[in-house]
Amino acid sequence: MIWLDTIAQGILLGGLYALFATGLSLVFGIMRLVNLAHGDLIVLAAYLILLVVTLLGLSPWLAVLVAAPVMFGLGWMLQRWVLNRVLGPDILPPLLVTFGLSIALQNALLEGFSADSRRIPNPALEGASVAVGPLNLGVMPLLTFGSAVAVILVLNRIIYATPLGRAFRATSDDPVTAGLMGIDPRRIFALATGLAMVVVTIAALYLGTRANFDPAIGPARLIYAFQAVIIGGLGSLWGTLIGGVILGVAQTTGAALNPEWQILAGHIAFLAVLLIRPRGLFPRAND
Amino acid sequence: MILELESVSKSYGALKVTDAVSLQVPRGQALGIIGPNGAGKSTLFNLITGNVLPDAGRIGFLGRDVTGLPAMARVRMGVGRSFQIPQPFEGLTVFENLLTAASFGGAGAPRDQMAQDCAEILRRTGMLPRANRLAGSLSLLDRKRLELARAMATAPELLLLDEIAGGLTEAECRSLVDTIREIHAGGTTIIWIEHVLHALNSVVERLAVLDFGRLIGVGAPEEIMASREVREIYLGIDI
Amino acid sequence: MTPTHWRMTTLTRAGLVTGGLALALIVLGLVLPAFASRKLIQDLFYILTMLTLAQLWNLLAGYGGLVSVGQQAFVGIGAYALFGGVILAGMDPLLALLLGGLAALVLAVPMAFFAFRLHGAYFAIGTWVMAEVARLSIAQWKALGGGTGTSLPRDATSGMKVLDWIGALFGVRAAAARDILAYWLALMLAVAVIGGIYWLLRNRLGLGLIAVRDNIEAARSVGVDVRRMKWAVFLLASAATGVTGALIFLQTARISPDAAFALTDWTAYVIFIVVIGGIGTIEGPILGVLVFFALRSLLADYGSWYLLTLGVIAIVVMLFAPRGLWGLISDRTGVQLFPVRRWLHGPGVGEETSR
Amino acid sequence: QGRKIRLGYVSPQTGPLAGFAESDAYNIARFLATDAGRNFDVIVKDSQSNPTRAAEVAKDLIISDGIDLMLVASTPENTNPVATTCEAEGVPCISTKAPWQPWFIGQQGNPGNPESWRPFDFAFHYFWGLEDVIAVFTNMWAQLGTNRQVGGLFPNDADGNAWGDPDNGLRPGLAAAGFTLSDPGRYQNLSDDFTAQINAFRAADAQIVTGVVIPPDFTTFWNQSRQQGFRPKAVTVAKALLFPQSVETLGEAGHNLSSEVWWSPNHPFASSLTGQDARALAEDFTRETGRPWTQPIGFIHSLFEIAADVMGRVDAPEDADKVAAAIAATRLDTMVGRIAWDGAGVPPFAAQNVCKTPLVGGQWRRQADGGFDLVIVDNQTAPAIPAGGTMEALA
Amino acid sequence: MLLQTCGLHAGYDRFKALFGVDIAVEPGECVAIIGANGAGKSTLMRAISGVLRSAPDMVLHRGVPIGHLPAPQVMQRGIAMVPEGRRLFPSLSVEENLLIGAQMRRGTGPWALESVYELFPILRERRASPGTALSGGQQQMVAIGRALMSNPDLLLCDEISLGLAPVVIRDIYAALPRIRATGAAVVVVEQDITQALTVADRVYCLMEGRVTLTGRPGDLSRAAIHDAYFGGHA
């Protein structure tokens, strides 16, 4: 019973990690960009939602609708004006730029919002739960997991069934040849980052309602996101979800043995997967 | 026999690039390989050097089975090669390119001797005037010469040359032929892939023809050139 | 036979000047404590240790193509080995520095075994996660305070004989004598690491590293053992990083897993230094550490604005000078302070050169 | 003499601990404006909530600014590196706002081995200790009818290790008071899931939860508890429930959570510097900054009271030994109570360096406007501090 | 004049591959570029198609300078390329590979999915398989079809016979007249001189990054070609 609960909670936690990771997976998969600022962008989005909630008095769910387009624009500009210029076979320039962005963002948020820990208020649902058999599952964690699935469904539909998605995949395969097809890789990349930022906004909603956040909390989330992406395999969004679930379950089972091993267990699961499959569980055939 | 291939095969996906090739090269021989574009000539070289591992078959060098041996080990055993598309170390000078080859793939001479040997190779290949130029700034022709020179710097027993005469002027071609003859006269076994047949034929003692990964003929150059098959394949490129 | 009339040289005039200057600087550095303020000694300690870390990371990433984001693992393990040696085994702190290097080396073996299966971004993230695993594991080591960390007992560090000698030599108190000792060690370490890297680069290994960096396929075809090269570089850099980490925390005298395994302090800032200065050169990290330190001194009191500026500078430099500041300078002037080129001289050698 | 006395002050102005330093600027400005304050320069350095940086800036203050006395506050992550540095450098240091065990024991080479513990010559600390928090917590819980089963949340950091230590932490004290502690083990800060702890507490039938938890982790824990149907009667944790801002983020779910109280506007103390009482200080702070009062205000204020008092009693501020002796001889009534390093209530090994301040228990009560009020519900440990109500069980 | 290069220089980083190349293509014409390995043929194609940038007026399309334009804009002006080595998108199916050629096209024209399938019927059968699962010849058909989907007025074909069996090459070249019939001009890069001379209206021979010979196939002697190809004088 305790084990069942542990695993169920681990899976739900995996949904949260998958949500953190999906935007990263999109960007990493399409342009091989290691975005060290991803965690901080999630925090930025959380503040944005909080701002909308407190200023406009909207519910958090509606606030996402306001924040998402703003984040899309931010992502678009970031890619267009900054990241596109450093993309290339060498991973270092984007690494350094996004690291710079990460500390700049953290400290800008600190200046703007102080170090107080904040929370997106969501009184109606935060303590709610439903009984599933012998288990009590929180409504918010269930919604988180459901949103992760929904986001991935929608993204997969975009990627595999629309001209935009075709352009994403083609550009990811071979940006030079995509250029010969009249596709401007820089534009495609900017759109992809914008889209990733929309996902980031959704992730931020769940981050901000689940626990407190402050400007410094981003990097701790980044490593889980990367792990989920890599466990799943580059370019596979379902893989990312499974990666998140593996991480989540590893953490809750590790913690059930001893809380000291909670985070360690997640890392070790990650290393174990990589040891057996250096390219993740569901890698793309051609990489 | 310095080199023995026993039904060596290699495919890329559905494309069979090397199809059960068996070939024996006696020590000291100069062998030419011809064949149309994409026949699998360069791939055959990659198999011999170990840059590509075969799907099936066996490769023997100096009496040892080297089938699974990595490229760098074979270089040290004495397999030197030039690349069809020149692959210089662009961040190093011409001289340093040779020095790298000599110190990693060479006979392990002391440092000063190594410099002498490299300089001598540069002289013989006509690259001495460019010794201190960055390889990345060379013209195509000089890159090809550098390929030859760098391969020689590994002090090979078996030298594999991949289309090094393409695009040379007649005079340059003649001096290249002289250089290769000289290397050959020094006792080095040579396998040379070339489309410039008159140059090739003025050096090699034996000619092999590849088509669609298969070895369709091996023999004396005159014999091969006279065969109908070859004429058919080469229909178009005048000799 | 071939007459031996060609010569190979590696030194240029700039190189000779640097050599002389470096020698003078080292001597100056050694006698500096006689007249410098403690503040300066302490700043120099920081600069020298960061420079050492930067040079080592540059060796890994700039020459070996191994973009590690897990160097904090070696700093941390080296530091913890020192604390363990001193506190639990009663070792002499100076000896324990070497233990730090050894511990890092021991950690580096499994880490390399694992990480070398990964490439590019995966390698970077893999090393990061392994460093996290090291941090979390050390945080379980209760004898050294677990997640709390611990302090070096005062008698352990002030009991060193050399300190009395230094104290007497310069007429300073024990605390200042400790600073001087640490500074000398940092100076020696920095000189040894820079000298060692320079020596490596001027040797066979240097040619091999550049060959691998330029064209891995061709490197294999001239006999370069790419794998062994990477192992050598990784193990060397790890061990030296471990010693540096031990030295840093010997000086701080207080350790905790979060401090010793800090991604930002020991890897992110180091990457910043190398890349801002110019990766793949010895000069780059030197320039980079000076810029970094200047920024830190100028802005550190402005709190978050300092870090904000640092972040923005990282972005701007990458956008407008992707080869770093030293790249800008050497492109303009062609100066190389640490020449590694091997020039051929002799009859028939063309005078034409190119940068 | 003509020169001003130089005080160094290291605090986490930025980073996750910045909440503790919120009133620094206010307090320092007020201090410098007093008559005594005119004799002082205060040099403030930001540790960026980073222990390594804290040690660095401490050293910097000592070496380049030539300070006469070091002041430091706010969690062991900040106080310990600074105190260690001062001790090594032979510079007097007064520290506060960290329970004395993580401060004192946490600075020992081998915290696990009491034989090896040594007192400090220059580092002095005043705050309460775990024995006080145990007394306060158990007194509060005793007001409720419970089965006396307590679940403990202790992270693997300086505070968590000290509180969770099986020999020197909460466990023996709770046992002595008739409570049983179930401690699943140290977790890492910023964990995203507390199912293991919740299940362990449930298995032990814990009706009380205690611990020393950072705010984000407490929110996660508390939400998950409610979602998973775990409903303790009392939740009394330190750190997370310190600041009204962090309790406000819990909304409705923050009502009746309880915590230790080391300072409040109701404390019957007054400043030796300004004569203000606690309420006046808190109100002045709110007027000046527009922010609600927080517990650190009184303690930061008291640091400068003590500094002024100590330095007023030495004739040679640059003589570290004399200053250390003056600190040891302090007998002063301050904004946080009487400060005297006389060993009262402190075990012998720490008597020389630690002075204790009073501690009571409080409960957060949600107001009609959504704000929270900290009501003192137990003052048995310090009867001089008036209680404003009694402990209520969680709904 | 449909396309003209004027003293075109291009290269890679420090390495220069083209030195003042002048070629011209009239509307509807078929021009062949021949030359040895590494002569710079592919570099020329890349420079025209915008993959490599040059000075604006080094490349003129209908008299408009386009040397500075990036590939997507060049393509939208009506210049499509079949790159060397085919370069199909491995993540896309055959049909998607074709569709992506049309995604950014301007206006309409004779080419659409249907007409490409008519040109290469085998592709209709394989429409759902990933591009890389096809044989080399079929892949080449996809690459050509993909370029046609944008309805270009100039089609650049870089070594479409590379690595293909003679019978397959024949099939591919058989499509050429039908493409030209729609009015598009074609530039083919070929190493096979006979093939080049058969299909082209005019021939340029490149050596070492320079044009060494140009003319109509009928006017060129074997010896002249040989000289231009390999240099020197036989």
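All chains are identified by letter, namely A, B, C, D and E, in their written order; residue positions are counted from 1 within each chain.
Methods note: contacts are C-beta pairs under 8 Å (C-beta built on N, C-alpha and C of every residue); 3 or more make two chains touch, one makes a residue touch a chain.
What you see is a predicted model; the values in this text were computed from it and never measured.
S.K.: Enumerate, in label order, the chains that touch subunit C and subunit E alike.
M.R.: A, B
S.K.: Give me the chains shared as neighbours by subunit B and subunit D.
M.R.: C
S.K.: Tell me, please, which chain's centre (mean of its C-alpha atoms) is farthest from the centre of subunit A?
M.R.: Measuring from the centre of subunit A, the most distant chain centre belongs to B.
S.K.: Averaging each chain's C-alpha atoms to get its centre, pick out the one most distant from subunit E.
M.R.: Most remote chain from subunit E, centroid-wise, comes out as D.
S.K.: If you average the CA atoms of subunit A and of subunit C, how many Å lie between those two points?
M.R.: Comparing mean C-alpha positions, subunit C is 34 Å from subunit A.
S.K.: Using mean CA coordinates as chain centres, what's the gap between subunit A and subunit D in Å?
M.R.: For subunit A versus subunit D, the centre distance works out to 36 Å.
S.K.: Using Cα averages as centroids, what's the distance between subunit A and subunit E in whole Å?
M.R.: 43
S.K.: If you look at subunit B, which of its residues touch at least two other chains?
M.R.: Counting only residues that touch two or more other chains, subunit B contributes 90, 134, 137.
S.K.: If I count partner chains per residue in subunit C, which residues reach a count of at least 2?
M.R.: In subunit C, the residues touching two or more other chains are 136, 140, 304, 307.
S.K.: Show the residues in subunit A shared as contacts by 2 or more other chains, in ascending order.
M.R.: 107, 110, 260, 263
S.K.: Let me know each pair of chains that touch one another.
M.R.: A-C, A-D, A-E, B-C, B-E, C-D
S.K.: Note which residues of subunit A are touching subunit D in the complex, please.
M.R.: 2, 5-6, 9-10, 13, 16-17, 107, 110, 114-119, 121, 123, 126-129, 136-141, 210-214, 216-217, 220, 224, 248, 251-252, 255-256, 258-260, 262-263
S.K.: Could you pull out which subunit B residues touch subunit C in their complex?
M.R.: Per the touch definition, subunit B meets subunit C at residues 49-51, 70-72, 75-76, 81, 83, 87-93, 95-96, 99-101, 103-106, 111-112, 115-116, 118-120, 122-123, 128-134, 137, 150, 153-154.
S.K.: Enumerate the contact residues on subunit E facing subunit B in the complex.
M.R.: For this pair, the touching residues of subunit E are 13-17, 36-39, 132-133, 135-136, 161-165, 191-195, 207-209, 222, 226, 230-234.
S.K.: Help me check something: in the complex, which residues belonging to subunit C touch subunit A?
M.R.: Listed in rising order, the residues of subunit C that touch subunit A are 61, 67, 69, 114, 117-118, 120-122, 124-126, 128-130, 132-133, 136-137, 140, 263-264, 268, 271-272, 275, 279, 304-305, 307-308, 310-315, 318-319, 322.
S.K.: With touch defined as at the start, can you tell me which subunit D residues reach subunit C in the complex?
M.R.: Where subunit D meets subunit C, its residues are 13-14, 45-46, 48, 50-52, 55-56, 59-60, 63-64, 76-77, 80-81, 84-85, 87-90, 102, 106-112, 116, 118, 155-158, 160-162, 186, 188.
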